[in-house]
């Protein structure tokens, strides 16, 4: 049919100027999101909009520390997004654990579980720093180098191995069986205490 | 033998034979043949409607007369077609020969009512039809059948009293003679001369007929038998029950107009641009639309949802009849046809679902679209038709009705009719979401699709839905013949009312063009991969099939809360309370008057003899 | 035949482009009200290109795909019936009631597609969308009845022609009442506050749209654009006089002039909707139903009764 590669510059322009962010505010960095979206540092002029449904969103902001409980939900949401998708890591916690470098329940090295495209250091980075990071992300998209999703698809065994090592195999079903009765207020006897 | 006799009596004879010959395969064949005979003759007699065919059966003292004209043929066609489809589906869901006997007997009764040419025949076949359908409901549930029986008998006695009054004054039952006499009366009343019926008597006859036909058609205060009766019977039979038997009430109202319309119009006067007596019927019809529709949205049982939906759709027909112009009567007849088609189809779908899954409440069903794809396709056609979506027949009839009502400057009725169409969307989405989509409960993993006879029956009705929707001119031509003048113009695909036009073919072509454009855009994107129903966004919690996350109970809870005040008023409770009061009265009588004590009986006897002696008898 | 197809195609391209501009206008005007800079006006086109060019899509079955395609097809169909100045492919058959029905059908298609995914958020969204639809039917019905009784005809084209001689519809009192009621109904049809309970971002994750992504969402954006155009065009035609310009000699200039006038009227309608939507929070569904069944119904019923006298 049509050779879409001819239109790559236009499509990349569209992709970089209309990134939709999954409204998933992990950790303490979520507090930095409202200043970015509101009148002073207006993020909507770049076309970025928060969007509650992952099926329509491309950009995932990991704003702050990540615990195993949160990491499970991040992985499930990340896999629900359609390609191409990008991950932006705010703060020092996703990089190397940040101020929780010696905690027993914070993930120190996020890149082992989810591919990260751009990382912004700081505890919390100011909005200007975040804008800088977003500018770098747009540059990566324009030159076609924002390929975190490709890395995830190609090295899926590596990522899956790391995830299973952390949570144990079959963690989705076990988490479902533990949490859905609680949400639906039907307490049942569930064996195993893992979250 | 005369064709009309064959049409009326063939189903009855076939039913009796099927009941006597109780062998499983043979009784089905006899039954289906018995239902196919009227259908075949109805098709053949299409050419001969103008010839004045009639048939007289003389039973000693009085005669039963049947005749065929264009109006009869229209209703005969509806009755034969939907009746045949229902009997064909009864092949799969019929439980024993009892049901075959009474289903065919009621089909016979219905055809007799439509073809009757005098009031006595009308009444006799009305009673046969009511009796047979009562026996069908009795087979499943006694309380529902009792309610149906009481209300039907109440209506039938009202009709009998009205019949008696007419016979006493005019001395005849024949339709043509009564119509002549009533015309003379109407002119006499208009000029102030003496009339045979006084004003009070004609109003009384009108009210009695209103009650009689209103019960059968399920009009607003008298509809309480319908939900229970339509749900507690064999669901294939319910297709005929709600599709055809309720049309006898509609036919009765049209008879009321033909026989007494002019007289009542002159007696009671007009109201804005219609007659007063017609406006009462139309207003009650409008209330029926709203009440039936809102209650349908709140039901938990699939059969009751469609029963209330039937009541709601009949309200449309009553509005059309009540407004009284030629166009609105044609609209009402058109809607009668399309209602019989899509409601018959819906009840057959319900019958298939109940037959295959054995469940009747929404809470137990779900996710059946993958397992029963043919039934789902039929349900799709029926849903589009009931909701009134353009290329199908439901839209054509609703459109003509809207235009007819609104062009007569009746804003309240117009608003009610408009409201009714949105209600249709509401309860259909409830039906679709709870039954066809979502997670499937594990005990439904092995359901099979519809059996062959039901699939054929559904396909026949769906085909007529689509054909008559794309070419509504076919129906419009027949309706114009009934009224003798060109009320709805246009050609095969276009309905032209002078102040509005509807072009079914153009809509179909442009809809297909639009879908093709959308399809091209769709296929230019990347290929889509299929994901299971557990891969869905639940705020990032993982989902398994063990827990049901589909909302099947109380789907319209906000509506129930909004209408909480109005739902406390219920005519069903009123009738129950009246029934309980009568029982108490009977109890009082039994304790004080008929108390089984021989001495008080002796006293009664003595008192009566004394009174009679004093009177000098 | 070819000429009709060409005209239809041009109308479609024009409607899509202007519809996207309207969506952009909504975003940028809302942003300016919030004293922000806001996205550029062509932002929805970039969104749609991004969505249509996603490299992997998911589907939940045949009805999921078909519902979305059907919604877009039905919107295109509705567009063909509304007279656009003096153009209009099927304007002889453009009935008031037909167009009103056709503008509601895409919602049904989207509901079908959303429900087939089996998501409970989609189910709740469908329920709320339907109850909103139910709530708006009463004032909508009375407004249409008022129009039909006042002009004595149902055809939209004839109403537009009648307004060229009699002046705009809103000059007459019954139709002014009907127009006010219809404008309140338009808020719900656009899906803007205070009646955007069916979309409700953040509360039920966009309701019916929760499982749509990639090209399905792209098609839904196109549908929303054409629907915005069609609804504002319908309002401008029946209440604000449409535009039939015959001043110039050449038909092309006439067409451009009438399209321009229509555009101004449509943007006026859109601005009213944006201004109301920017200041109100969201009503819950029973509040919305009770509101619609009280004041807009009374206003529209008054208009209908006055029109029929």
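Per-chain numbering from 1; labels A, B and C assigned in written order.
As a working rule, a contact is a pair of C-beta atoms (placed from the backbone, for glycine too) under 8 Å apart; a residue touches a chain by one contact, two chains touch by 3 or more.
As the structure is a computational prediction, the values presented were derived from the model and not from experiment.
In this assembly, A is the chain whose CA centroid lies farthest from the centroid of subunit B. When C-beta pairs in contact are tallied for each pair of chains, B-C comes out on top.
Here the CA centre of subunit A is 36 Å from the CA centre of subunit C.
If you average the CA atoms of subunit A and of subunit B, the two centres end up 58 Å from each other. Residue positions of subunit A with contacts to 2 or more other chains are 53-55.
Taken residue by residue, subunit C touches two or more other chains at 53-58, 205, 210-211, 214, whereas all remaining positions touch fewer.
For subunit B, the set of residues that touch two or more other chains comprises 524, 535, 537. Residues of subunit A touching subunit B in their complex: 1-2, 24, 53-55, 72-74, 76-77, 80, 172-173, 175-177, 179-181, 183-184. Those residues of subunit C that touch subunit B in the complex are listed here as 8, 12, 52-61, 63, 65, 68-70, 72-77, 80, 89-90, 92-93, 95, 97-98, 101-102, 104-105, 108, 111-112, 115-121, 123-124, 126-128, 130-131, 133-134, 137-138, 140-142, 144-146, 148-149, 152-155, 205, 210-211, 214-215, 218-219, 222, 284-286, 289-290, 301, 304-305, 307-308. Subunit A makes touch with subunit C in their complex at residues 4, 10-11, 13-15, 17-18, 20, 23, 38-39, 42, 44-47, 51-56, 58, 81-84. Chain contact summary for the complex, subunit C toward subunit A: residues 27, 31, 34-40, 43, 45-47, 49-51, 53-58, 201-202, 205-206, 209-214, 217. If you check the complex, the residues on subunit B that touch subunit C are 367, 369-370, 387-390, 395, 399, 402-403, 406-407, 409-412, 414-415, 417-419, 421-423, 425-426, 429, 432-433, 436-439, 494, 499-503, 506-507, 510-519, 521-522, 524-531, 533, 535-539, 549-551, 555-556, 558-559, 561-562.
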